[in-house]
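Two complexes are shown next, each including chain A; its partner changes from chain B in the first to chain C in the second.
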Partner chain A sequence: MSRWLAEALAVAAKDLRAEFRTRVALNSLALFALTTLAAVSYTIGPYRLATEDRPFLLSVLLWIVIFFAALAGLDRSFVKEEESHTAPLLRLAAAPTVVWAGKLLYNLVLIFALMAMLAPLFCVLMGFEIAMPWRFVLVLAAGGYGLAVITTIVAAIIAQALTRGALFSVLSLPLLLPLLIIVIEGTTAVATGDLASYSESLRAIVTMAGAMTIVSAFLFPVVWRD
Partner chain B sequence: MRVVFRAVSGEARPGEALVITGPNGSGKSTLLAILCGLLRPTKGVVRYRRQDGDDLPRDEWGRHLGVVAPSMAVYEELTALENLRFYARVRGLALEDAGHRALLERVGLDPDRSTPVRGYSTGMAQRLKIAQALLHSPSVLFFDEASSNLDPSGQDWLEGHVRLLIDEGRTVVLATNDRREMTWGSRNVSLVG
Partner chain C sequence: MNRFGLALKWLLFVWMIAVIWAAFMWIPSAQGFKGESSRIVFFHVPTAWVATLAFLVSCVASALYLWRRKPKYDFGAAVSNGLGLLFAVLATVTGAIFAKIMWGAYWNWDPRQTSITILLLIYAAYFALRSAVADPEKRATLSAVYSILAFVTVPFLMFIVPRIYFSLHPDVITNSDPNNSLDSAHLKVLLASLAGFTGLSVWLYSVATRIEEIRHRRRQEVL
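And then the complex of A and B:
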């Protein structure tokens, strides 16, 4: 197990090192997120929404920004391996599950970095008050994990196709939509302080992310090899 | 569906060098990709036999095969040393940096060069690809046009090294149309275009 983990960490560390030197995915994520946030905060701002609608609508806006920023940058992990012709050697050198876990870790780092930058900025600019801040962090973390799991397996599938850009969004959407609905409910619950609804949402997010993790772990070797 | 080749059969033993030749588009690289497990043939099988006579499971092929091919690249954002460190880690090798440095020196690269591979010439990148293929001391080595981007001294070194690998009992498969590389093998297979 420790050897498997060390190999997966090596894949993630390699991707992060390469990413910090080129900053392609980081720039895509950050630019998309900041541009959308600027547009939303400029047009809607903290006071244009009715008080009773604020928790729900701001939760929707927050996750839409995160969701589309993720779609703009998280497909790079596998597409780059194929485009730069490094995938064949990686296929020969590493076990498929190691590659999958490494890429998932890399996407997790990117999505958590995006959330760490975006969520506080969104709350300040949009005046989004959270009744249960620590539980808000938990919802973000669980939702971010689910987002990373789904985008990782979809990125692996579309990396083999020619029309990658369009396919990533088309395939991700039906898989991410149920998750998006639940994380919005969870975020609304932590904003209003509704503990029962929060617990229910968190349980649903964890279940969905867990199920996608298991499905991905079994599906990935087939996608990667064939 | 286009048929690249049919009825290809044969075997190679330890210490044997097989040369695959054929005109452009005859399927040399495709055959190599099938032999090293990167492509599945529509019909037929590829088998690697262990010394105990059992077939090597497909999942373990990567540990025993080394490949140098134009369609396979190393990471150009990383330095040569970082590339070797990465491949050693994912292969679960216990090699220290001294081993990587020695290997880079052996293929004629400076291990202290901090330039990412993006700044390398094609010949230098080819030398790094050869180092990557030798990293885990594989039993079977595939060289697809391996000397194509090497300078004369690099070609001399590669020829000497391939002969050394054969003497050590490793199997070498060369896909080439280079007259010099054709002389390195003990058996030739010609694909018809």
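And then the complex of A and C:
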């Protein structure tokens, strides 16, 4: 078990090292999020929305920025292995589930980095007041994990297909929409301080992310095997 | 085609005519609905049921393909996703007509309408993936994986999203309120219609898979 974990961490570390050399994914994630945030903040700003609409509408905007930034940046994880012809070597070097866990960790680091930058900035620029800040972090973390699990397996699928860029969004979005609806509900709940709705949403997010983790762990070896 | 199959086909033919006649002529229109709008339940619910059933069949066929690696399971999954798409569109259209009459607008993003939209997107994405992979074996594997992944999200659409949001959708099938349930005549026709539409979809499925198998054999002969 510890050996498996060490190998998965090694795969993730390799990807992060390669990523920091070029910063392709980080740049596209961060710049997409920042330009969208600038556009939203410029057109809506902190005063445009009516007070009773604010928690819901601001949660919607926050998650739309996060989801579409993720769709812009997270498709690279497997495509770059195929493009640089390193995939066969990775197949030889590590077991399929190790590769899956490593790539998932790598995507998680990217998403959490994006959230750590974006969420505080969004709250400041849009005047988004959160009644339960720690629970807000928990909803972000759980939602980010669900996002990472789904985009990892879809990225593995599209790396084998012909038209990669467009296909990633087309395949991810239908799988992500239920998660998006639930995390928006949860974020609205932590902003207004509605504990019952927060607990229901968080349980739904954890169930969905857990189910997706198990299914992807089972299905990934099939996709990865050439 | 053998005799038994032919008899079944004729039975389906007569059965569907009887269901249509009962739905429009035999049943009185239900209380609490505008005009004759309640009659659409006999066509809306079965199409939605067949769409969900097709999704389940496609998931099972996909799992069987990944296990056994026989092309016929891939055809089954693809055909049943195609049928699912067709019946989901029919359910959406009949639902929108009902929504216009009862609620005043064809589309208002009711939770049921949201979940059927996502279902349609999943079906469409499945065919987008199939068209993007040239190698038949790889196409079958990848689309089978996607089909199973999509199936895992369906329970969240069906049960959790409608529970979080308020819905105008009538809940005659699953609720426990005795004042709001179907009377026995309505229930009989609805069950008959469900059986008819299920039979229709089984027939369409068998025709379409046979066509796919002939196509597959022709391709093999050419190669």
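In this section, the second predicted complex is superposed on the first by the 225 of 226 C-alpha atoms of A that agree within 3 Å, B and C clash if a C-alpha of one lies under 4 Å from a C-alpha of the other, contacts with A are read in each partner's own complex, and residues count from 1 in each chain.
To be clear about the criterion, contacts are C-beta pairs under 8 Å (C-beta built on N, C-alpha and C of every residue); 3 or more make two chains touch, one makes a residue touch a chain.
Not measured: the values here are computed from a predicted model.
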item: Chain B versus chain C as contact partner of A:37, first or second or both or neither; value: neither
item: First (chain B), second (chain C), both or neither touched by A:18; value: first
item: Which of chain B and chain C A:94 touches, first, second, both or neither; value: first
item: Most chain A residues touched (candidates chain B, chain C); value: C
item: Contacts of A:139 with chain B and chain C, given as first, second, both or neither; value: neither
item: Which of chain B and chain C A:71 touches, first, second, both or neither; value: neither
item: Partner chain in contact with A:7 - chain B first, chain C second, else both or neither; value: first
item: Chain B versus chain C as contact partner of A:182, first or second or both or neither; value: second
item: Common interface positions of chain A, toward chain B and toward chain C; value: none
item: Interfacial residue positions of chain A with respect to chain B in the complex; value: 3, 6-7, 10-11, 14, 17-18, 21-22, 84-86, 88-95, 98, 226
item: Residue ranges of chain C in contact with chain A within the complex; value: 66, 114, 118, 121-122, 124-125, 128-129, 132-134, 138, 141-142, 144-146, 148-150, 152-153, 156-157, 160-161, 164
item: Interfacial residue positions of chain B with respect to chain A in the complex; value: 33, 36-38, 40, 59, 61-62, 65, 67, 69, 71-78, 82, 86-87, 89-92, 116, 132
item: In the complex, chain A residues that touch chain C; value: 150, 153-154, 157-158, 160-163, 167, 170-171, 173-175, 177-179, 181-182, 185, 197, 200-201, 204, 207-208, 211-212, 215-216, 219, 222-223
